[in-house]
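These are the structures, in structure tokens.
Two complexes come next, and they have one chain in common, subunit A, joined by subunit B in the first and subunit C in the second.
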Partner chain A sequence: MVTPLQKPPKKNPQLRTRVPTLPSHYRSRSALFMAAAAAEGRFMLQVCAEPDCESVQYPARDACACCLSDRLVWQDVSPRGNLIATSTVRTSTNTYFRERTPWRLGTVHLDIGPSVMCHLHSELVVGDEVQLINRLDKSGQSVLLALPLERAQLQEDDMQLRELTCDPKFRRILITDARNPNAYALAKSLLEAGATTVFVGEAESWRPYPDRAKLESLQGVELVSLDVTDTSSVQELAGEFGGKVDILINNARFVRPGGIQGRGDVGFAMDEMQVNYFGMMRLAQAFAPAMTGRSADGVNSAVAWVNVLSVYSLVNNPGFGSFSASNAAAHSLSQCLRAEMAASGVRVVNVYCGPTEDEWHQPLPPPKVPAGTLARELVKALQAGLEDVYVGDIAKDIRRKFMESPKVLEKEMTSLETL
Partner chain B sequence: MEALKEKLANPVELLSSALLSGGVEVVDLTHTLDPDFPVIVLPPEFGQCARFRMEEISSYDHRGPAWKWNTFTCSEHTGTHFDAPIHWISGKDLPNNTVDSIPPEHFVGSVVVIDCSEGSAQDDDFELTPEIIAAWEAEHGRIPPASWVFMRTDWSKRSGAAYLNMRDDGPHSPGPTPEAIKFLIDERGIRGFGTETVGTDAGQGAHYTPPYPAHFYLHGAGKYGLQCMCNLDQLPATGAMIFCAPLKIKGGTGSPLRVLALVPKGGR
Partner chain C sequence: MIKPRKRMGYDGVVVAAPASTPYERYSTETAHWWIAKALRQSIKAAGLTPRDIDGFSVASFSLFPDTAVGLTQHLGLVPRWLDHIPQGGASGPSALRRAARAVQCGDASVVACVAGDTNHVDSFRRMLSSFSRFAQDASYPYGSGGPNACFALLTDYYMREFGVSREDFGRICVTQRDNALRNENAVMKKPLTMDAYLAGREISDPITLFDCVMPVAGAEAFLVMREEDAVAAGIPYAHISATIERHNAFPEDPIQMRGGWAMDIEEFYGMAGHGPESVDLLQTYDDYPVIVMMQMEDLGFCAKGEAARFIADKDLTVSGDFPHNTSGGQLSAGQAGAAGGFIGLVEAIRQVTGTAGATQVANAKRALVSGFGVINYDRGVCTSAALLEGAS
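Let's look at the complex of A and B:
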């Protein structure tokens, strides 16, 4: 039975905030392929490419356990299996687990062959049919957790599962830009997902914007003053609320069409960098210290930093060439942020979005990503504990082509035929 | 005795003494440069007015152990600022039309203040008209040549969204009609026109003929603009003097600046 998660009480100001500890980390370079799959929530294992072998491997290795071939290919495989044994760890030499005992482990015999040791959802008992999920743990490494085939009641409240996810339930969230047309949909979805409070940063309150009244009408939304281009404003908000932000969603974005020649100046490019790149840096410098210090702070620990990026951060889209470049810079910075937050276990989630349904993409043909879709996918990713999310058909297509060959994709995006 | 006589004959010495004795007071007509101070808002596909921003270089720390300093950025037209003739297309070919080439004596001069605060309190789109100017002159005398003319509206006492007063059909704030501004230039030979609002033109100034008449006529005639000022309610209708030197920016179209007024004691 899942113990229902309780809304955390107000913090006791006399108690020291628990310092984050981590489960064991780096295993092998081969194992990082599994971590890369976990980043997208995929269940992938190595399969031997020898036609007369084709055995599925676990754990990750450099040569086939059956035939010693080095032709091992990572593939999406069936996550189903049978729970054949369980064990409960009651003490550990590893501080992270020691602080979280009792911790259940199990052995699952996968339908595709291997037996694996994994973490267990609290509903499961020996003999159950299960499905494994591949997720990143607080160290950013791939771990497997067995879930019931049928969704359990309050499944996401399970403590071992919640350690792998960034569930908004009972958490306080900062959305950085109220003026972005997606702010209302984001706030609404997060509140529906059980967020306690959604702070929404509002720049330039002296200038009206369409969704203000709608945002204000949402129970649980608090508008706060924040302009990511203004260092003092970012520092002030972090000073006041930094210790109450469990999930930060940076949706601030400056976008204008155009590349290099058509613009003739660097004006909009400077704005794009100010918001999309320096904005993220300012936020990180101001908010990351408080968040990384609170990543083991109970039910509403700080868990995630979400960047809403353009999928053209991966490859330049010349129609929005300068905007793409600013997003490439932001994307690179997000990797630096991941490295810097790694020691705390706060996950940096990148949401790669295709062209959005807004005024700046208005003349573009569909498909475009409506705000509601972005919000839904983003919340789902937090609940599922993903690190990389691609939203919209175009983003998914770009992702596939990028994984296949970045250079071919570049050729496609920059060829005369495309332009 | 001779020395004292010489002193009394020197008007600058007299002014210095008056400043020291309090016979002449200094009034600051300048808003603080603040990142959150409103700027003019244009349709978003156009280039925008850069907000005032400040980044710390060091603060007695590892970046500079014994000193604190900042880098600030802003537009030439952010905060309380000066408009040079080159700011508008009508003044683009005039001689000495940039802040660095304007003769410095133009930055010091007398000012008259037309009080439109009552009307502006009633009507967000209050207009300064030739009739209002005529009524003002009937009371205070003819506007002297080469004077600055300030339109007092008490708009500087507004803050937040009430300042730009932006609605779906644009901003709403007081300003001069085309006829009024033309009269001041052609019939009174003023040096410049100053306001408390975000520009020298009314919020709805785009809908006059010509659009933005204060900008169009003032700068076309080589005159200057001052805007986003405050404390105009502390100035007398006549008899004050202002110092309004913009930064000496090469080819600059304007600049944030400190506008100071000298006011005789009791003259407010």
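Let's look at the complex of A and C:
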């Protein structure tokens, strides 16, 4: 049975905040392919590509355990199986688990062949048909968790599952830019998902913008003063609210069309870098320390840092060439942030978004991403515990092509027809 | 398909000079130190000197960054035959059968087989987190219960499949404690009652405290040599009637319910010329009682799933009708790393040569020793067994 999650009491500032500990992060390089799949929430195993073999492998191997072929291909496979044995660990050699015992685990005999050891949702008992999910744990590495075939009541409240996700329920969230047309949709979706408070950063509050009244009307939203281009503004807010941010969503964005030669100077380019790149760096320098210190702080521990990026951070879109470049810089910085936050278990989530439905993309043909879709997908990704999220048909298309061949994608994006 | 040929016997080769160090819960010494201690004792018992040893076989987990190679220089040995056996709990019979062939074929005259490990305060945890690639990738991240958790899953499955109770496992642990009380080297000194067993602290359900071995520091050793040399040295010795070894048996089984012994017992008893009914005592690898039951079944003492009933009808103590793990086994004597793969074999040599002292089984002639090792991922991969017969 799932023990319902209790709304955390107000933090007692006199009590010590628990130092984060992690499950074991040691993995072979082959096993990192599972982590890559987990980043997108996919259940992939190696399958032998020899036509007369096709056996499914687990754990990750470098050669087929059936025919010794090295042609092992990572594939999406059926995650279903039968739970044939369980145990409850009460004594662990690892501090992370020691602090969380009793910890259940099980052996699942997959329909496709192999047996796997996995974490267990609390609803499950021996003999159950189950489905496995592949997710990143606090160490940033892939683990498997067995879930009931049919959604359990309060499924997401399960302790083991919540350790793998960044569920907004009972958490406090900072959205960095109230002026972004997606701010209202984001705040609304987060509150609907059970967030306790959504702080929304507002720069130059004397300057009006269309969604202010709507934002203010949302129960649970608190507008706070924040200008990501102003170091002291960022530091001031972090000093006051840093210890209350469980999820930070950086949606601050400066976008203008154009690349290099169409612009007469570097003015817009500097603005793009100020917001999209240096903004992220300022936020990280100010907020990351408090968040990484609170990543084991109970039900509303600090859990995720979300960057809303353009999918053109992966490959330049010459129509928005300079904006793409600033996003490429931000994307690279997010990888650095991921490495720096790894020791705390706070997940850096990158949301790669296609062209958005807003004024700056007005002349572009569809499909474009409406704010509501972005918000829905982002919240779903937090609930599901993903690390890389591609929002919109264009972003998904670019992702596929990027995974297949970054160079071919570049050729496609920079060909004569594109401009 | 290539058919296996009938195997040669081990005529003219014997095993002798069993040596055991007392075990210590925690040690500040190194594996090298413990190995040297047992080795010296064994060589001395045979009236030899280190330079007489021209074959050397080592099993150890905690020698890093050394291997058997580093040990030769460290200990001043000059062997012409060298082996390092990373089979953990299966290393005893596996070391024996390799050494026996080397001596039989003349590649070495005297092979010293030794297994030993130290146990520093934090070494068990460190070893678990990097035990094997599969363990690191696919079992340790799930609660980090180590072998306790892996065997808990097998035990859970076995109990359901065959209707086995905790009392059934308790019989093994309680009788081994009785045996251990006769062994002055055993780390466990107090009797264990069934009630105490059943009240043992929960470790990883259904496994509780007294199902688990205690990691300790220690070493075990023996010599493999030509029979004529043993006779000349005037030391007691035993013949090797049969051996088997198997790795990664039955990989298609969804969970381990049987080990490699089941693949090879016909050949095993065929080579020995007798069956399990002629065995006077059994030394199983007892990291957890479920594995003891598996060995009794797979080695033909009873049918699959019948071990609990088989045990209930027998007395497993030194003076009983089915003497089993007469030195107390690892469950009560302690698990000194890879020496856990030697403890049964070394005790068996003592038993069939009538030198077991306080744990001596009356008229013990034939002993069956079995080994089981290395939870590489979800199951023990290595299995081995040997039949010894005392020289009359």
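Basically, the second predicted complex is superposed on the first by the 419 of 419 C-alpha atoms of A that agree within 3 Å, B and C clash if a C-alpha of one lies under 4 Å from a C-alpha of the other, contacts with A are read in each partner's own complex, and residues count from 1 in each chain.
Rule of thumb we're sticking to: a contact is a pair of C-beta atoms (placed from the backbone, for glycine too) under 8 Å apart; a residue touches a chain by one contact, two chains touch by 3 or more.
Since the model is a prediction, treat every value here as computed from it, not as a measurement.
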Subunit B versus subunit C as contact partner of A:116, first or second or both or neither: second
Touched partner set for A:57, first subunit B, second subunit C, both or neither: neither
Touched partner set for A:103, first subunit B, second subunit C, both or neither: second
More subunit A residues in contact - subunit B or subunit C: C
Partner chain(s) touched by A:93 [first = subunit B, second = subunit C, both, neither]: second
First (subunit B), second (subunit C), both or neither touched by A:227: first
Partner chain(s) touched by A:46 [first = subunit B, second = subunit C, both, neither]: neither
Subunit A to subunit C touching residues, read off their complex: 23-24, 26-28, 30-31, 58-60, 65, 84-94, 96-97, 103-107, 109, 115-119, 126, 137, 139, 141, 143
Subunit C residues within the subunit A interface of the complex: 124-125, 128-130, 133-134, 136-146, 148-150, 152-154, 156-157, 160, 201-207, 251, 254-255, 377-378
Interface residues, subunit B side, partner subunit A - complex: 35-36, 38, 41, 44-45, 47-48, 51, 53-56, 159-161, 163-164, 166-167
Touch list for subunit A against partner subunit B, complex: 204-208, 225, 227, 229-233, 256, 265, 267-268, 271, 359
